[in-house]
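The following pair of complexes shares a single chain, subunit A, combined with subunit B in the former and subunit C in the latter.
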Partner chain A sequence: MSYKTQKKLLLISFLLIPLLLMGLFFLFPFFRLFYMSFTDWDGIMPDYNFTGIDNYVEVFQTPDVWVALRNNVIYILNGVLQNIIALLFAVLLTVKIRGRNFYKASIFLPFIINSAAIAFMFTFLFDFERGPINAVLTSLGVEPVGFLSNLKIVNFSLAGISLWRYTGYTMILYIAAFQSINPEVYESAMIDGAGTWQNFIYITLPGIKTIVELNLFLTLSGGLQAFVEPFIITKGGPVNASNTFVLYTINAFTQFNRYGFAAAMAVVLLVLVLILTAIQKKLIFKGD
Partner chain B sequence: MNIAVNKIPGAAKKELRYVIADLLRHLILLFWSFLVLYPLSILVFTSFKTDEEYVDTSVFSLPKSFFNFNNYIKAFIEGDFLTAFKNSLILVAVGAVGTVVIGSMVAYCMDRFDFKLKKYIKLVYTVAYIVPSVALQVSIYAVMKGLELTGTIYAPILIYLSTDIVQLWIYLQFMEKISVSLDESAMIEGASYFKIFRSIILPLLAPATATIIILKSVTIYNDMYTQYLYMSKLELKTATTALMAFQGDRINVQNLMSAAILLVMIPTIAIFLFMQKYIFQGITTGSVKE
Partner chain C sequence: MLKKITSLFLIAAIAGTISVGCGKDNNASISTTQEAAVTAAAGGSSDEKTNPEDAAGEITFSSNRTDLQNTLLPQFVADFNKEFPNIKVNIETIKDYQAAIKVKMSSNDLPDVWTVHNGYYTKDQLTKYNIPLDDYEFAKDFLYSEVFSGSDRKIYALPQGASATGVVYNKKIFSELGITVPQTLDEMISAGKKITASGRTGLATAAKAGWPLQYYWLDIANTIAGDGNYRNTLAENEAPFTVDSPMGKAFGLLKAFKEAGILEKDPLSSDWEPIKKDFRDGKVGMFILGPWFIPQALDPLTIDDVGFFPLPYDNEKTPKKVSAGPDVALGMAQNTKNKAATEAFFKFMMDTNYASVGKSLGLLTARKSVAVDIPFAKEFESYSPRKLDVVSDTKAYTDIMNKAQVDYNKLAQEVLVSGDIQKAFDQLNTKWKKAMGK
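Right, the complex of A and B next:
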């Protein structure tokens, strides 16, 4: 068999199934999402009506959606905080330090733990009556806090869990970024008489730019997509106070069979992620 | 070192500054490590307490005995964790092996050959990375319904195999480092492309494969959303969904609940303790690829 025929055969046999999967479970649903968003399909009946932009209008006119979106802002700001803390830890761990592997492993540990298990652990930690955190507060003479029941606090408690979970992950990426900078660059800069601060501005920052960008994309769009903690712990409550955009979307199609509306929510989410990414590129990286 | 300190005036002062800076670094890092490890320790303590002990003692106190496995046994039986772990294992095994097969095949085609579809495939994979997968579940769920796959173990497996692209990036990174001259000399000896893939490329990709298997296993085991959507039925429960069902009205029996939580936590923590290197490697190579 000539290599030309072989190539054809190989490409077909190696790519057929992966591309079929990609088409069926990514591309098709991707376009289908837009199509569904203009209908009132309930997910059960085979027939449905085209409703134009009604679903989109409803998305923007539902007060609860805005409450959910406002809660997402807390998760997004939390993502910024996560990057700052992770960057600090990465700096501390890049310089030689005793116990480096211990710190790295223990800070990263939450990332690989089952998300439902973590959520239930925090349900216990945050418990009003018997929770350890309130036990500490009470012993310090502070009133116990309703971490999960106080409408003003619940979102911060839940966002705090995601800070606990993901800081180590972000840190590992920053550490890898620091290590990818060639140490010889610093040495030659030192010969040229560059100081620590100059080194940081002219060598370190440009060197980790790609990772900063990636981390910001991951944490900011992650904040926009946050739902695991409220989904498991509060179900969006009390009285809708901890709902998030994705949680609202999930409930729309799993609880209320409103596939058309949920699809419109999903499209809006997609657009929001793109906008956030574009702003991030424009503002912080002056668009390259 | 000491000699230098004695010779240079002001060096001792400088030395002190370093000691303080070092101490501060340790304090910051210790603080966060404590934030991670202490809650987990409280969970462990609580899981070994009897009902009376749980009510009578402080949450911070050690259990009377670390050999009281009653809560674990009770949770394991009442939560039907045998079925749950079996289902999770099936998902993990099929998902990880399938990912390796698909990822390595696609990476081989993308790295070694030029063909018409190539740039479109690249585009689709890039778009798939940006599009939030949670958003897409609305229409994927509709597709699964159409295929009558909701409520079966096939739905999550198909999703795990088709929509994750990190493994492809890891394979591509490794593939680039394998010299094409190896392929060429094998071709001179008349080896087929398939033979080259199987006997040269795949063995050289072994470190990437190990990384992908471990990372994918952890990801699948920990996934909540897909399993909740498709595997909440009683006989299809996974470790994650079984824990969610187990909580129900046991929220106030925290010692029993702690044991159940730890049962679900232990597998990935164990993998992490023994295979840290692969997980760190997978995360960095899987993400850094542009």
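Right, the complex of A and C next:
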């Protein structure tokens, strides 16, 4: 056996199992989901009928779906804010200040807490009558706020939780990007007389462009897929005020036995993410 | 670019896996369920043959009552083990119970004995996944068993008890404030106002949890209509929701309570567990629920501090109608690997030990020949309520409900938010008509 065939054989045998696993757990379910979106399967019984594109037509004709998607926009805007805050912290914490590792750790900490625990914690914090935030407000003479019961506020409360939770993660990504920039570039810029602001605009930002791109992609897809907070804390309520696209999808199956419709919604979401990411690339990064 | 597209697809595929995971071995399950159906049909009438010494093994008993995981449920099992020491019963309580059960159904992995809630599973599903109970002698003794019949009209679950909708109230608060049990709606509202004025909650809703609002559209609408079959008649009408309809009047009651200011300070912030604790601590006067709530409402309150009266939904001084129907039921799964042990436990819960289980759960009896002795049941009967039997939902009705994705609890929340019943109903009528059209 020649060296080349040996190499090929080795490559194939090493790749076979991971590829099989990927096919079994990622690709097969994905195509199966796509297939089921053209049926009226209830998610449980073995028999179902093909309904063509009926599910897709219905997704676009159901107003509640788009109300849910509008709520997702709040999560996306919130994600943009999250990136700005994270960038700010990243800049501050790359400078040599006392105890910066402590600050880094404490900002990152929420990311590693279990999301259900976070949800329960905030349910308590946001509580109307017993919550500490409202207790402080009342003692200051301010009317208590219905963080989770006011239809206009609930989405911001929930999006605020994910802001608090993911800022640390975004920050760490930015800090890592900063460290990948060659310090000699800064030195030579300093010799040429560049200030801190000029350094940031002309050296740092172009240097971390790929990470900004990644973070914005994560923000977009994360915002569109937001569901943990409303799922655990409000169940999409009050009324439908905090329903998100994914939560609506889950309820279509669990509450109303409509797997086919839910599958169609999942496919629509995928297409949405693809389109929006493409637009984002074209508009902000002018493509490459 | 190609790389990025692949990575996007991967991410999408991961997202896909989450929602598809529950259904992917669908094809595999067809054959196994059919086999199970055959064995179940063949051995269906063998219930007299179970012998305590023979029955051994391990089974799972599943319930939505997470609050009883370490209290009552193990006690039932301990009592059971006195008779059947060789059977190990694993107790499994699940928080989001009905959704979890549907996933278990689709993967053919139902617990051996499981709690069945009326209205959450279709008749086809019950027929496919549960063991028919018609051949068991004691099954004939049950009221409301028709509610749990399958598409082949056989019975697939039996109620652990009967329930009726009424007002659970704190007798201590009533006597402290000199309130008598209200017989009309006005009396009820003024009682609520008195309790609220004393710094407590007059009438609790737990509106954040959503489901405690179900009594308004389920049972109260039925009693106002005077027809246990009321909801099914909705399926015959293209625009059945009007403010004057029983459903509209039921939501009107909720609106009236809200406007009278007798509900929680902010009902939509009020969740089930906290308000339950408030009730126990004597901070809540009344709560529209079933008698099953009373055992949960005790400590520090005692059984004598809590009463139960029919809801006065109008201002006539006549005995009130109340909706009566089955409480949760138990069923046996066809996919059980240990039928003898499953049957033994089922029989123990539903037959031999029925009265004591019902008493500790605070349920009225759903059996013709077995009485359950609970004090508040006597009080309730003393108001001579006219009982209205609940009829199970027809397929025509549930089909429209699922198609239009109607969630009445959210509708009730909307009434609490805006107070505009007509507007909420207009949207609902549009959905309803569209769902009927297809």
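Of note:
Definition applied: the second predicted complex is superposed on the first by the 266 of 288 C-alpha atoms of A that agree within 3 Å, B and C clash if a C-alpha of one lies under 4 Å from a C-alpha of the other, contacts with A are read in each partner's own complex, and residues count from 1 in each chain.
In this section, contacts are C-beta pairs under 8 Å (C-beta built on N, C-alpha and C of every residue); 3 or more make two chains touch, one makes a residue touch a chain.
Not measured: the values here are computed from a predicted model.
Residue contacts after overlaying the shared chain place A:F60 against neither subunit B nor subunit C.
When the shared chain is aligned, subunit C comes close enough to touch A:L151, but subunit B does not. In the superposition on chain A, A:I97 makes contact with subunit B only, while subunit C stays out of contact range.
A count of residues in subunit A touched by subunit B and by subunit C gives the higher number to B. Contacts of A:L27 after superposition on the shared chain: both subunit B and subunit C are touched. Touch criterion met: A:L10 reaches subunit B, while subunit C stays clear of it. When both complexes are overlaid on chain A, the residue A:P46 reaches subunit C alone and has no touch with subunit B. When the shared chain is aligned, subunit B and subunit C each come close enough to touch A:T277. Of the two partner chains placed by superposition, only subunit C is touched by A:N257; subunit B is not.
When the two complexes are overlaid on their common chain A, residue A:L109 makes contact with subunit B while staying clear of subunit C.
Residues 25-30, 32-33, 36, 41, 43, 123, 127, 130, 221, 225, 249-250, 253-254, 259, 262-263, 266, 269-270, 273-274, 277 of subunit A are contacted both by subunit B in one complex and by subunit C in the other.
Every residue of subunit B that touches subunit A in the complex is listed here, in rising order: 22, 25-26, 28-30, 32-33, 35-37, 39-40, 42-43, 46, 58-60, 102, 105-106, 108-109, 113, 115, 117, 121, 124-125, 127-128, 130-132, 134-143, 145, 158-159, 161-163, 187, 192-194, 197, 218, 221-222, 224-225, 229, 239-241, 243-244, 247, 251, 254, 257-258, 261-262, 264-265, 268-269, 271-272, 276, 279-280, 283-284, 287-288, 290. For subunit A in complex with subunit B, the touching residues are 1, 3, 6-7, 10-11, 14-15, 17-19, 21-22, 24-30, 32-33, 36, 41, 43, 85, 88-89, 92-93, 95, 97-99, 102-103, 105-110, 112-117, 120-125, 127, 130-132, 135, 164, 167-169, 172-173, 176-177, 180, 210-211, 214, 218, 221, 224-225, 227-228, 231-232, 246, 249-250, 253-254, 259, 262-263, 265-267, 269-270, 273-274, 277.
Residue ranges of subunit C in contact with subunit A, taken from their complex: 8-17, 19-24, 26-27, 29-30, 33, 96, 98-99, 102, 105-106, 122, 124-125, 128, 207-208, 210, 264-271, 274, 401-403, 405, 407, 410, 413-414, 416-417.
Residue ranges on subunit A touching subunit C, taken from their complex, read 25-30, 32-33, 36, 41-46, 62, 64, 123, 127-130, 144, 146, 148-149, 151, 221, 225, 234-240, 249-259, 262-263, 266, 269-270, 273-274, 277.
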